[in-house]
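This is the structure I have questions about; it appears just below.
Chain lettering (A, B and C) follows the sequence in which the chains are written, and residue indices restart at 1 in each chain.
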Amino acid sequence: MIQAALGRSGELILTGFGVSLLSFLMIRLIPGDAVQLMLGANAAVTPAAMAVLRHQLGLDQPFVVQYAHWLGHALRGDFGVSLATGQPVLSEIGAAAGVTAELTFLGLLLAIVLAVPLGCAMATIRAPLPGLAIRLASIAGLTVPPFWLGIMALYAVAALAPRFPAIGWVSFGRDPAGNLARVALPVAAIALPATAALARILRASLQEALAQDYVRTARAKGLSEWAVLVRHGLRNALLPFTTAAGILAGYLFGGSVVVEQVFALPGLGRLMVGAIAERDYALVQAAILLATLVFLVVNACVDLLYTALDPRLRA
Amino acid sequence: MKVLVGGAYAAAILAALATSAVAQTLQIAVDQSPVGLDPHIATAFSTQLVDSAIYEGLTAIDADLRVVPALAASWTVSPDGLTYVFRLRPNSRFHDGKAVTPADVAASVARVRNPKTGSPFASRFAMVKTVEPDGADGVRIVLATPSAPLLVQLAALAIVPAGAADLARHPDGTGPFVFRQWEANTLIALDRNAAYWDTGLPKLAGLRFNIVPEAATRQLGLTGGTYQLLPGIDAATVLQLKGKPGVLVQSTQDLAYSVIGLNASRPPFDKPEVREALDYAIDHAQLVQAAYLGQGAPAGPLSPALKDWALPVSAFPCYTPDPEKAKALLRQAGITLPLKVTMNVLGSLPQVVDVAQVVQAQARKAGIEFTLNVQEAGRFIQDWRGGNFAAFASLNSGGPDPDDYFGRSFQTGGATNVYKYSNPKLDAILTEARESTDAARRKTLYDQAQRILACTGPAIHLAYGTLFTAERDTLTGFRINPTRSLRGLREATLAP
Amino acid sequence: MNTLVLRLGAGLVALLALLALFAPWIAGPPDAQDILARLSPPTWAHLLGTDNLGRDVLSRLLFGLRTLFAVSAVSVGGALSIGGGLGLLAAWLGGWADRIAMRIMDMLFAFPVILLAIGIIAVLGPGALGAAVAIGVVYIPIFARTLRGPALVLREGEMVAAARSLGARPTRILLRHVLPNLAAIILVQTSLSLSTAILVEASLSFLGLGTQPPTPSLGRMLAESRNFLFLSPWPAVFSGAGILLASLGFNLLGDGLQDQLDPRLRGR
């Protein structure tokens, strides 16, 4: 068990390095740079002036030097300052990550709570028409564009309850009720496709579990459908379900951009997209690294959990 | 019991009075983050919006485009137009607490002129010879040649402390609001300047610039009360906000204009006939209907807001759309139809993208086939600055003085003459107009300039939109300014 | 029930594909600007209404479907070839090649999806091609993983052992024995990936990075329509519906295929 954990940690670090290098490369390849953006399209600037600014920002060094520089500092915990605001990158990200974490956590929680009964229903309902209806509904849930959903929701709220605080952000510490009100809609928008995805995965693994021979034996022994479902079906189906939830968590953490955009939430997704547009290299680098590490860590934990719980996988 | 109830009533009334007397923080929603806050370097609209509340120049431009005193309480100009003496406000201080001295003014001008700073305004003050103290509270500026727009252009020269460093992230000005915090992509917080020289102002407790890229979200935020001011909104949003309870819309003529810029240094637009042909192909009125939803006006090289200077559209023959004449001009220039050209489009402004599409459709009827290359801001700027385009579509800013439109853009070697246009006759006109102090003479010269530029110049001036601001009715005392400056928020109050 | 989902999916996809194919004959040109009729609701002249520049929504919808199918097909096709090929290769070669390949796939997989797409588009420039490449790159690790697993199993299986013992060359084994058995998985994964690729393209267009104007794009239509949502909701409604139906169709198809081709699930 410990060996497995150590092995995974090693892989994690390696992957982390790889991602940091990849993102560093990617950002540097993007044409146009922070200097020109700072000067705006209406400005009159000489190449000499731009060179001065570029040197001040350290952008005139060769790529390898820049990366080595960044890595050296990063390993010491210094991820640089944001080009735009001059604040340390970690503090900027910390605040944004907190917002996205709350969104992701609540969204996933809601999705799990809804997906379990839904998945069970999809797996056990035999009647063709309701079964088809639920299936279609679940697929529809998966394929609704989240930003469309968000905007429709805002539209509905504006029409039905104009005073409801649906936009912007207030921290939980400062105003719990306000915070929850503002995250209600975005969480719902995030949870819908997640619910659909999880429900379908649960259905697939439930069906597989329920088709096993020992289930038939259990039924023959006179066990009620309910008991069969819970004791044999769910227990075995929950493992792949958990894996999927883990992957989903990591994915949501890095991908809630459009929902954050629509609801004006100061989350990590928006921060990253904005930073790319402004060529705020340090910020992008650190943010991508964080999102990736969260994804990897969550996955690794889920995998370890899987290994620990599933007797067939223990060596 | 009665005493208790009465007491409760009294307490409630007192509380209500107290709240109404307490200054409020104004929640503003904007669509983009500023790109750096250095007032001498960054000129993006988003930066100017925030800086207009933090910094002041010696002069300011009011809502009617007149020059008014700002940091300078008064000034005198010598008859030959070469010496200006400004008297500074007695109790003005920077946000860091230091008093404003003539040395700071001199340092600010020097900083803008210094090539190392890389300021886009440098060329405007090239004629400044010396900036010296005139007593403890005065500044004397001596010019090498007269400059008619100097007072107007000084409004854009922010006075910063001598030796100020890193203004991009640590603003330090004299304005009504003090920079407190910038959360990347989220908000910029400004607080009331308690030591502001204009005692009693500002009345607001602070400004919060919320960065909200979604138009629908900004709109719903305003109607729902989350935001109280939306500066610089587009016509579609205005149409959707009309009639909503508690929402007021102000409008004024914008100084900025949508433009098709042409590269005059290489084919096909090096020939004036080809440029003129494109002019004849465009139906300005239809474009305003389509891209501005009718909220704007076609005009020539000067904004209709410059009432004393701008010639009406009827003065330019090419503003009457005539696709056949366009084709004739093209053939005359030896071009085989259809003429294929790539147009770079500034993709970060939806209005510009709409404009480009309308122009594309119109030009097709005249035998010009545009291929649109919609670029994001970074790449667009790179190509724009390097002259790496045949044609581009963008939004250009203007100013209260005609020299703001012409000086650096159309004079040979001008700092923003990306068109690589060179017309010695125009150069002479513009230089004389800038140096002349006779308003009538300037008018004659600028009329000539407009006629030259409107139909054969390197830029097709498409239209000047209406500039809108939407606010909650709880905000009083703010008047919209065509320069987009938010300085007017000094006098504004917000009811709770 | 078994084949209903499959037939629904296939039918929907076929219908949309036909509409897209015959777009120029069904509706007028997507760029024609009828300024005076802008933002109009559905009328006889414009069956699905017009957008803010007076362009026919039906026409833009159908031409947008073309772009959508093209981008999705290119991106998923590319991901299948490159990613699937990599996965097969890794499974076949085993050892270090396998480990390194999978390590790189993991890195790509862990990279936040939207950011990877944005980054690639930022380098290549916005547009349909950039979007297709970006989406393709994002899907490469998925196909690599999907094909590698079963390929590994098959490699050790009896059929392949038999072929080997008969002296068959590796390429022949791959083509004649391994691939056909992977057909089921390939088909299912491709359908499902097409479904989500459509959504990713829509999201990228929403952020302004996908297909650029004036090329019609459903995602972009939806994105632009939100500026005048309260003036005329029709472009938003129809473009959103278009995205939904296209994604739904492929998803149903993939789902139905999975039901049919996965023997364990067939006996319901």
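The definition used in the following text is that contacts are C-beta pairs under 8 Å (C-beta built on N, C-alpha and C of every residue); 3 or more make two chains touch, one makes a residue touch a chain.
Not measured: the values here are computed from a predicted model.
Excluding chain B while holding all other chains in their positions yields a single touching group, one piece.
By C-beta contact pairs, the most connected chain pair is A-B. Mean C-alpha positions place chain A and chain B at a centre distance of 40 Å.
Separation between the centroids of chain B and chain C, computed from CA atoms only, is 44 Å. Between chain A and chain C the centroid-to-centroid distance comes to 21 Å (mean Cα coordinates, whole Å).
Touching two or more other chains at once are residues 30-31, 151, 155, 261 of chain A. Residue positions of chain B touching 2 or more other chains, listed in rising order: 214, 216, 376, 379. Each of residues 122, 226, 229-230 in chain C touches at least two other chains.
On the side of chain C, the complex with chain A involves touching residues 1, 4-5, 103-104, 106-107, 110-116, 118-120, 122-123, 195, 199, 202-203, 206-207, 219, 222-223, 226, 229-230, 236, 240, 243-244, 247-248, 251-252, 255, 264-265, 267-268.
Interface residues of chain C, counted against chain B in their complex, comprise 31-33, 35-36, 38, 52-54, 122, 125-127, 208-209, 212-214, 224, 226-231. By the touch criterion given at the top, residues 11, 14-15, 18-19, 22-23, 26-27, 29-31, 126, 128, 131-132, 135-136, 139-140, 142-148, 151, 155, 204, 207-208, 211, 250-251, 253-255, 257-258, 261, 269, 272-273, 276, 288, 291-292, 295-296, 299 of chain A touch chain C in their complex. Chain B meets chain C in the complex at residues 214-216, 219, 234, 236-237, 239-240, 286, 289-291, 293, 347-348, 350, 353-354, 356-358, 360-361, 372, 374-376, 379. On the chain B side of its complex with chain A, the touching residues are 33-36, 41-44, 47, 115-118, 120, 122-123, 166, 168-170, 182-187, 210, 212-214, 216-217, 220-221, 223-226, 346, 376-382, 384-385, 394, 396-397, 408, 414-416.
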